[in-house]
């Protein structure tokens, strides 16, 4: 890092910090839905990535519409909402048709949802074609802020970050302030009891799963601003998402947030000093190593069994 | 002695079905198919090794590894490295800046054979490596995880991550590994042209024999106390632990054994297909191999072989006509198997076939285990009928 | 101090989960061939004590000596091999193995990987399986799939699996839960039979049953010992009546 | 220009002069020049050739991650074959296509290649896209002595008698482009970034050698991103720190889209940064979005916007067959050449036999190629030009530079 002025290094430091943060928010958006489903229900949703792709394609469709009716500046917000609703609906359906039969067999859910992901990928390919598509982004999402001459803060990054905050906050409200959240937590704590006190645990499961998928949809919509949309896009995200969730200790949303932050910082710093691909390998290795030492994840609390 | 044969052949019935399998592999298919199709079968049978390993690991041990591709790949790479060195003798590589080393090294400015490659100049060491490298690697992973009681979903996901890491590494270190192209253009083994028709037949039969051998060993393990303990662990790990067993050791062993089998499959793959690439180590192939086992019946060694054969034949036939449909089918298969017949073909049989006296008795003596074995064997007979 | 004359010596044992002390400075001694019953209201820490002894839960502080070997350092299977057997609250057996296999698996030979691979079911094994089966009144059901047994029979089977290991200390968590009156009596006799040459610790709620078997009773409350002694003595104890028998 | 080559030139030219006329012309020529076209004579190696038809294979990924890229090639090859059939086929025989799906899975390519050659006895195969798939299938083609027309620009370092490479090898795509950017933009410092696999790595190796030894420039950074990686924040910051005159990029697939979107968002755009890429064609632009590319440069041998009658006709017919929305990238055009070159080879040889075609094709000049003019060199690669295109927001490129003809050199001395 020598041969650069303090100012330059300062600027890079700022921007590097930011890219760490935006990676953090990306990972968080990816993992949040998964964390809810996995953490609260112990179900592995291998099709998580495809639900993100679903959200992304929804956004693309909206942008096509928006372009024809010249609404490019406004459509994005609606696209995100639609992405959520659609993914939620599909998730709801999937839980009803598929997942609810498999709660006793987590490993089988993993296989079944993998099958689901194959099917969804093919549906995307058949409907939208094999080639990648891109959403026409509203002008206000393009370019970058320039606090000083040499610092660029990507607007889409900021947007994703904002969205991540909103969604996370929303999830917290839902989980810890709403009656629904109460029921969810009750069901997780003790399914039988919850049922006994008149909570419709089946419905709780369904909504929880659908919610997780919905959030995946939102994530997918957001990612159209920073990455690609194709039939197999989902598979780019799935492993990262799982790493975040498992690393965070599936039980807690706090854990997920913390681990997303940790992984993001590690990766963005390593990728700055090593080559990008080696940086990624190093990060993954670190995660696996730590998981071997602390299997229950970073933030799982010691419980009385 | 009688006891031993029972253990190996799973009783009269088991012996019959093993014979049938052997019949299909060694007689029916070679007579019925042209060399090209037979080559495909040979390839599928290398996947069958992994499927069998997953039956023992997942079906019996309840340990789902989504990284069996790692071991298939390691085995395959070890073999490929040997063949590649033989293929890149100074004469045939004289156009290179440094003749005598594999072409991809030359392209990456590597001027001498890396240390890591040295052992693979000897076939003996290579075969040792095929056996040891994956097993030791499995031991390290297994030790780290099972001693810390990482299990179930966590184990599945971590193995997946390891598969991913390995892929990125191999692709990234192309100077030493051949990168994403893998190790290609393998020609001879100790001067013996592995691409010739005769070689293809010989390799096919060797492959078949190894597979049958694997089944026998597998059956021995399953029918031993070890096998009973595997089942016990899968259902009541705590209880086994509090019966004075060090559960982790058993898991490590079965994981290593599964790795070993997969590696043999990988090595045979390289020999028959003539190359090895990272695309076998990754997540997708690893999960597909689980479905082979699931389709055949996760509790049935022989079923796994039929599973591997059927799924791959299906893939080949469908993707020749309508590729789209195939992906739907594959996806559907995953879902259907899990939801409607979790014990695969074997389970289906047990469910629907009318049970003979013998079968009923087996039911009584060996509830879950044997009946599925039983079922698979029967199913195998049926599929035979279909194929022959 | 040394406790050579005790089979089990728990001293100053404490475990806390996130600050909550489930077991609090507990000290407890169990004699040779003694049948000790531990009672106490829910959440008193009864099961946790068993968990601590058999190594399922690691203690925060304190010591557990079994024939003067410190157990807190050992792992579960080592503790079992040292001679401590533990039965769980809900019967924990291998549902899809036969009764015979359940017992055979518990036979204390071939406990290593290789040992189990080359384990031969000798006459000796067969005999002990049959003896135990008779002991636990399941001899006719040897070939039956364990899942098909009645709840009570499952409880017995698990006890039988422990007896296969011939432990010197046997710990039973609510052995008669879900049993019919008849089965309870049979179990009582069973326990009285098997404590002849080993020490037994039982957790139980059913006072009638406790009366039948207990040599000595320990009352736990909030992780501490409230009272200890014979059944009558304990029953007369004010504090006990207060927190437990009272209501 | 040799007699034979002239003849085939006339014929090939005739090909594109309206079907009916072409028909008469070519068939006339056939009867005039071709001595014996009986099946026995034109096929001595048991290929799937009858008196009426000849079978060929198309082997690309219709499914999986690579379908994104390979679909265009399939379409181009089918178009060319349809056109050839419309004008009477080859040696009076209609071409029948057997299409196989490589499914983005390398062993599948090998497996299907073997099927096409061993079971179907196709006269030739048009296919493969990634180097990995070619490497996997190559031994099959060499063992079974089949014929493969490979469309993709690739890293070179290969020359098989069984393969004709209709795309550029690395030097053809890299050197001239760098020369141009060095001269035009007075570039001294370069930042190299690519996906982490053989094609980018080999390309960057050649680029670095050329920059350092021939252009007197310096490489201030060389970077490889894992395939499928979508996070470029850190990389982009490194680039900002180094402030290179030129970013030289070879990122592929999903990563490519993320790379350009994030680059643009980080304020690195054509206004203040020169970027030259060798991995973006009209196909990729669909995914990346023109607004993220506007003003950046690509070095390719073909752009859809090329102004010449061959290309205008080609684009028209392509859109007619595959819909007005369809776009045509460099590889798509190269794939289109395949069937035409094979036709020429067969007719020069007067036979479908692989060996004869191999012998006859080198030296053939195709003046009807959409990219203008190509010549099949002895090393089975094509003599072609290099063009630098400047991207417009609408996803098309303006050609700002066109090199002279560049000899293909798959094993470039001094670059290894």
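Structural remarks
By letter and in written order, the chains are A, B, C and D; residue numbering begins at 1 in each of them.
To be clear about the criterion, a contact is a pair of C-beta atoms (placed from the backbone, for glycine too) under 8 Å apart; a residue touches a chain by one contact, two chains touch by 3 or more.
Bear in mind that the values here come from a model prediction, so they are computed numbers and not experimental data.
Fewest steps needed to get from chain A to chain B, stepping only to touching chains, is 1. The chain with its Cα centroid farthest from the Cα centroid of chain C is D.
Per-pair tallies of C-beta contacts place A-D first. Per-chain CA centroids place chain B at a distance of 44 Å from chain C.
With centres set at the average Cα position, the gap from chain C to chain D is 76 Å. We define each chain's centre as the mean of its Cα atoms; on that basis chain B and chain D are separated by 38 Å. Residues of chain A found to touch two or more other chains are 122, 125, 277, 280-281.
Within chain D, the positions touching two or more other chains are listed as 62-63, 196, 224, 226. Contacts with at least two other chains are made by residues 168, 171-172, 324, 327 of chain B. By the touch criterion given at the top, residues 58, 64, 66, 144-145, 148-150, 152-154, 156-158, 160-162, 164-165, 168-169, 171-172, 283, 287, 290-291, 294, 324, 327-328, 330-335, 337-339, 342 of chain B touch chain A in their complex.
The touching residues of chain B, counted against chain D in their complex, run 34-36, 39-40, 43, 95, 97, 103-104, 106-109, 168, 171-172, 174, 179-182, 184-187, 195, 273-275, 277, 279-280, 316, 319-320, 323-324, 326-327. Listing the residues of chain A that touch chain D in their complex gives 4, 8, 11-12, 15-16, 18-20, 22-23, 26, 122, 125, 129-137, 142-144, 146, 152, 154-157, 223, 225-233, 235-237, 267-269, 271-272, 275-277, 279-281. By the touch criterion stated above, chain D contacts chain B in their complex at residues 62-63, 100-101, 103, 105-108, 110-111, 114-115, 118-119, 130-132, 135-136, 138-139, 143, 157, 196-198, 201-202, 205, 224, 226-227, 411, 416.
Residues 62-65, 67-68, 71, 196, 223-226, 228-238, 240-241, 254-258, 261-262, 264-268, 283-284, 286-289, 291 of chain D are the ones that touch chain A when the two sit in their complex.
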